[in-house]
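For clarity, chains are labelled A, B, C and D in written order, and residue numbers in each chain start from 1.
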Amino acid sequence: MTSTIKKIGVLTSGGDAPGMNAAIRAVVRACAYYNVECIGIYRGYQGMIEGDFKEMGPRTVKNIINKGGTILKSARSKDFMTTEGRLQAYNHLKESGVDALVVIGGDGTFTGAEIFNNEFQFPIIGIPGTIDNDIYGTSHTLGYDTALNTVVEAIDKIRDTANSHNRLFFVEVMGRDAGHIALNAGIGGGAEEILIPEENLGLDRLVESLRKSKDSGKTSSIVVVAEGDKIGKNVFELKDYVEENMPDYDVRVSVLGHMQRGGAPSCFDRVLASRLGVKAVEVLLEGKTNYMVGLLADKVVLTPLEQAIKGQSRVDAELVKVSDIISI
Amino acid sequence: MTSTIKKIGVLTSGGDAPGMNAAIRAVVRACAYYNVECIGIYRGYQGMIEGDFKEMGPRTVKNIINKGGTILKSARSKDFMTTEGRLQAYNHLKESGVDALVVIGGDGTFTGAEIFNNEFQFPIIGIPGTIDNDIYGTSHTLGYDTALNTVVEAIDKIRDTANSHNRLFFVEVMGRDAGHIALNAGIGGGAEEILIPEENLGLDRLVESLRKSKDSGKTSSIVVVAEGDKIGKNVFELKDYVEENMPDYDVRVSVLGHMQRGGAPSCFDRVLASRLGVKAVEVLLEGKTNYMVGLLADKVVLTPLEQAIKGQSRVDAELVKVSDIISI
Amino acid sequence: MTSTIKKIGVLTSGGDAPGMNAAIRAVVRACAYYNVECIGIYRGYQGMIEGDFKEMGPRTVKNIINKGGTILKSARSKDFMTTEGRLQAYNHLKESGVDALVVIGGDGTFTGAEIFNNEFQFPIIGIPGTIDNDIYGTSHTLGYDTALNTVVEAIDKIRDTANSHNRLFFVEVMGRDAGHIALNAGIGGGAEEILIPEENLGLDRLVESLRKSKDSGKTSSIVVVAEGDKIGKNVFELKDYVEENMPDYDVRVSVLGHMQRGGAPSCFDRVLASRLGVKAVEVLLEGKTNYMVGLLADKVVLTPLEQAIKGQSRVDAELVKVSDIISI
Amino acid sequence: MTSTIKKIGVLTSGGDAPGMNAAIRAVVRACAYYNVECIGIYRGYQGMIEGDFKEMGPRTVKNIINKGGTILKSARSKDFMTTEGRLQAYNHLKESGVDALVVIGGDGTFTGAEIFNNEFQFPIIGIPGTIDNDIYGTSHTLGYDTALNTVVEAIDKIRDTANSHNRLFFVEVMGRDAGHIALNAGIGGGAEEILIPEENLGLDRLVESLRKSKDSGKTSSIVVVAEGDKIGKNVFELKDYVEENMPDYDVRVSVLGHMQRGGAPSCFDRVLASRLGVKAVEVLLEGKTNYMVGLLADKVVLTPLEQAIKGQSRVDAELVKVSDIISI
């Protein structure tokens, strides 16, 4: 390819997600493959403002495809919300000869990219990296598949105890705005009920459902609750409510927390990261900008960043139905 | 739904695959949900011939969603290749009141289903269960995603040793006819070269590629080889050839073998199995037959069994390209 | 061996722990090996009172060596604290011909066993099963080694995020009375500080230590906190205190919770369970009673139940020193 | 401590093992703690001869406690078997001011250390690092516990398939001279038979045992075979023999191979490595030399290197008995 772009910068921003390192590796190696220089930018937009840059070559990124987190580190940057901050960032890029960016992150990261591009006409491609899978324009975000496996493995362990003691467990998983993790890991973990932000089951129906579940011969139960569940009570209040209304139940709570964000990425996330990283570089070299590279119908596709930010990634109604059927 | 079908039989056949139990569970529970009886048939078609049946209800299948293998066991049946055998099977089904079948397996399983349906007009729906992902009409077969994770975890371990000793490893993975596992796990495992049945790289280019890899500063390498690789040498012969032609390399072989077929299914495989199992029952109750339920573009879809058998599941050319680029 | 004992009952009681199933399997198979009958008692002492018994043979316990939890289930029994309850239990045992018991559990389980033996001269051997490792007379209790691995795997994941964001994490692990899990998993997880019930570090020294840690160039930190830590604040209060006193630190909390109790047992726990289960049966057949079988200096040894209950399992002072040195 | 030692070198040699990095970390940090400088020596004795050294401080070894392999790499060195080679190594050490060594490895590593110390009176302490656990003077070598878990996890997966297809599997594990891995992982994996170098079961008794096993109702079997098994046939010949003599059995082979050497170390191996690494430095500073630090009865102890080399680490007869009993 011939292109005016000679040096590409890559950064990770927002919450870290497994697969970010695999994506960095793919970007760096695709640059080498297409004879373009590559600069790693530390701590997201904040490092861009501070000029925290490092040259990267194919060997710089060896043995990171299987590592969680991000070797470029991530941070949220208040300074990047100011015109001054962004100007400083732009100047650092220009000084270093960087003439295009690949940004790996979520909604916030893409919003920053949009603004930066508008101000400086700087070519930018986004890669969706967040375990929450709440980005429009891609069936899977980096880290989502890994997080699902982390959650079902934790539920498998909790079920050992639930079964041994005939208990009911509320397991809280990540997902403030989207129920993807709760719904899929709930099905995969064999949950009796799944509470997600997209649906308000209501307390009465929850208790009714648990009672029905017990009456049908189930001696233990797992209820998976997304952080952002709309039932209006946190997971400890849910426990109290159920214990009051079902005194025959021994109820426990487990909040899985931050370990959902880490760990060696699954094969799926490594392959996805490799595909998106390569494509991001190729697309920049073709002269495109302001797109997110994503996966739809198993193919790598482009979505305008603006749409990716505004659009909503909805849970599949079929899955909600499947969840109801198989928890009978 | 109103349907003439009152009792559905479910069996697993061919090589076992993680997710088969999750699919059995989904079939059994969907039957209960739709008020249809369910019979488990042991050891595939052979058990059908021998009348090795067991009634199954929602509680029969508890705590199996996370188990590898198949609680219904699997077997290859020579008797089912005879008209007599199939007649005997048919009679057992009729005696037990079974009036439809869900068969979980691969090509061979579906071929048997086609023949049986032709002879007895017996309603049958197939679910693709094999780690090889070599079935047309579905982007993923049950067990494939789990096998990929098993393989990359093994490669991660082998790479620890490869790195520590500056060695070259040939890692043989499953896939006699299809390179899906090798290609994806090779990318996910960070392999320097991937040898698949679909492509004949040739010995010279392999050695050349490895030499280039070493010259570029790589001190250790992993080559992933599919069982059915077309280079015309088995993995031990490859090792000998490379050692002769690259005497500076310390070469080792690892054949991953049967552990690729086992293990707790990934979340993806559990959810896929749940969706396909439910759909298989729903489709039978709608009066359909001779279809495979599969996943295309993240949606559950139907493919005529005949097409599923005859069609080819090809590796994605984009992936081959990505693999070349990121192994630079 | 010739012995008057013809039928042995086995039960699990108290919190479940990985390896309990492996121990049940060993007891059942040792009974078969020595031509003694074996009865499984469900739900601990409560099931003994209710006569919830099941005959067990070598095939009953197949494929359970690798399962977490306990197939015999566990429960706490208030009725067993009454003379009536215990008499009822005794009568059920006599009716079923059970003339000796193997009880798997912790302190509470052994105390019940002592009382029961005193009242009815019923031969009982105890096997230490609890993840907390807080039993005198054995270097390892069943489930402890597995729990350590579960905790370090979770810390490894959390560290991915801690590193990526330069954060401080408080990770709360189990251990109300004993710091074994916190101390060992803290060392294994590379924690900067470890707070255990046996030692009161004090808030000031904690903050001082963290500051020193940061000054030495550490950009992220993990502090492992045992549930029963004596610093007088829970883990969320610790977070608040540190944030107030170290405003430059981004502090997070993760409570690992119940998943520490589950999961497939480690090889160590499976082997330990097999050795203790076999020995428990052999010792009963030799006419001994009121002992716990445990592991000391890698050998299976006997400790009188009374001592096992009264004695204290202390953390090793050398480990506390090692932890200080390697967190430099 | 006051000591004449001002700079300690650390190296890994022989086959790599999980926990070596944790030991390197502990050595480096203990040096910092005691105000001694530390030098990492790459590629074992070969790197010592070539002066391939690197200064190491506490931050150099961050985030390696959980990594398999060895960051210092390992190699076998023919040059170190010559007087010239060793003199060259000595000169490099002197030039760099290194006045004591910690060597991590197995028998061969310790033999080299002995010779080197004899020639140059150079203070050396050994740390036993090998998955085979075949070192006298320590109940556990670094990496052994991790390898056991790797093997039982693989056997668990293979058993899924063995169960589903009613098959017999021969699983070959590492251990040319010692049956520790085979015996312990065999018990942990629920193997029906275990073939180890220390015991010649004989072909006839193997077949007899398998037949008895089948007659007792077992539908599938796992036989674990150590590489160095003394039955006089390799694992593929064993398969052929059994198939000839038991035509009703479907027999398969799985050679686990090199992945047994890699992977994130278990908590046990991390803690052991930390304890031994710290002790090695402390012992050198106390003026001791030619000892191996090891673990006996859960305490860190010293064994003269000479004894560690000559002595034999035997499998425990009790374990062989337990294995017989629980495979009934």
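Some points to look at:
In this section, a contact is a pair of C-beta atoms (placed from the backbone, for glycine too) under 8 Å apart; a residue touches a chain by one contact, two chains touch by 3 or more.
Labels paired with UniProt names: A, B, C, D = ATP-dependent 6-phosphofructokinase.
Just so it is clear, the model here is predicted, and its values are computed rather than measured.
Taking the mean of the C-alpha atoms as each chain's centre, chain C and chain D sit 28 Å apart. Distance between chain centres (mean CA atoms), chain B to chain D: 35 Å.
Taking each chain's centre as the average of its CA atoms, chain A and chain D sit 39 Å apart.
In chain A, the positions touching at least two other chains are 156, 159, 163.
Contacts between chains close into a ring here, every chain touching precisely two others. The set of touching chain pairs reads A-B, A-C, B-D, C-D, using the touch definition from the header. Of all residues in chain B, only 25-26, 29-30, 32-33, 58-59, 62-63, 65-66, 139, 145, 148-149, 151-153, 156, 159, 163, 184-185, 187-190, 216-218, 264, 266-268, 270-271, 274-275, 277-278, 296-300, 316, 318-319, 321-322, 325-328 touch chain A in the complex they form. Chain A meets chain C in the complex at residues 12, 15-16, 18, 67-70, 73-75, 150, 154, 156-161, 163-166, 169, 252-263.
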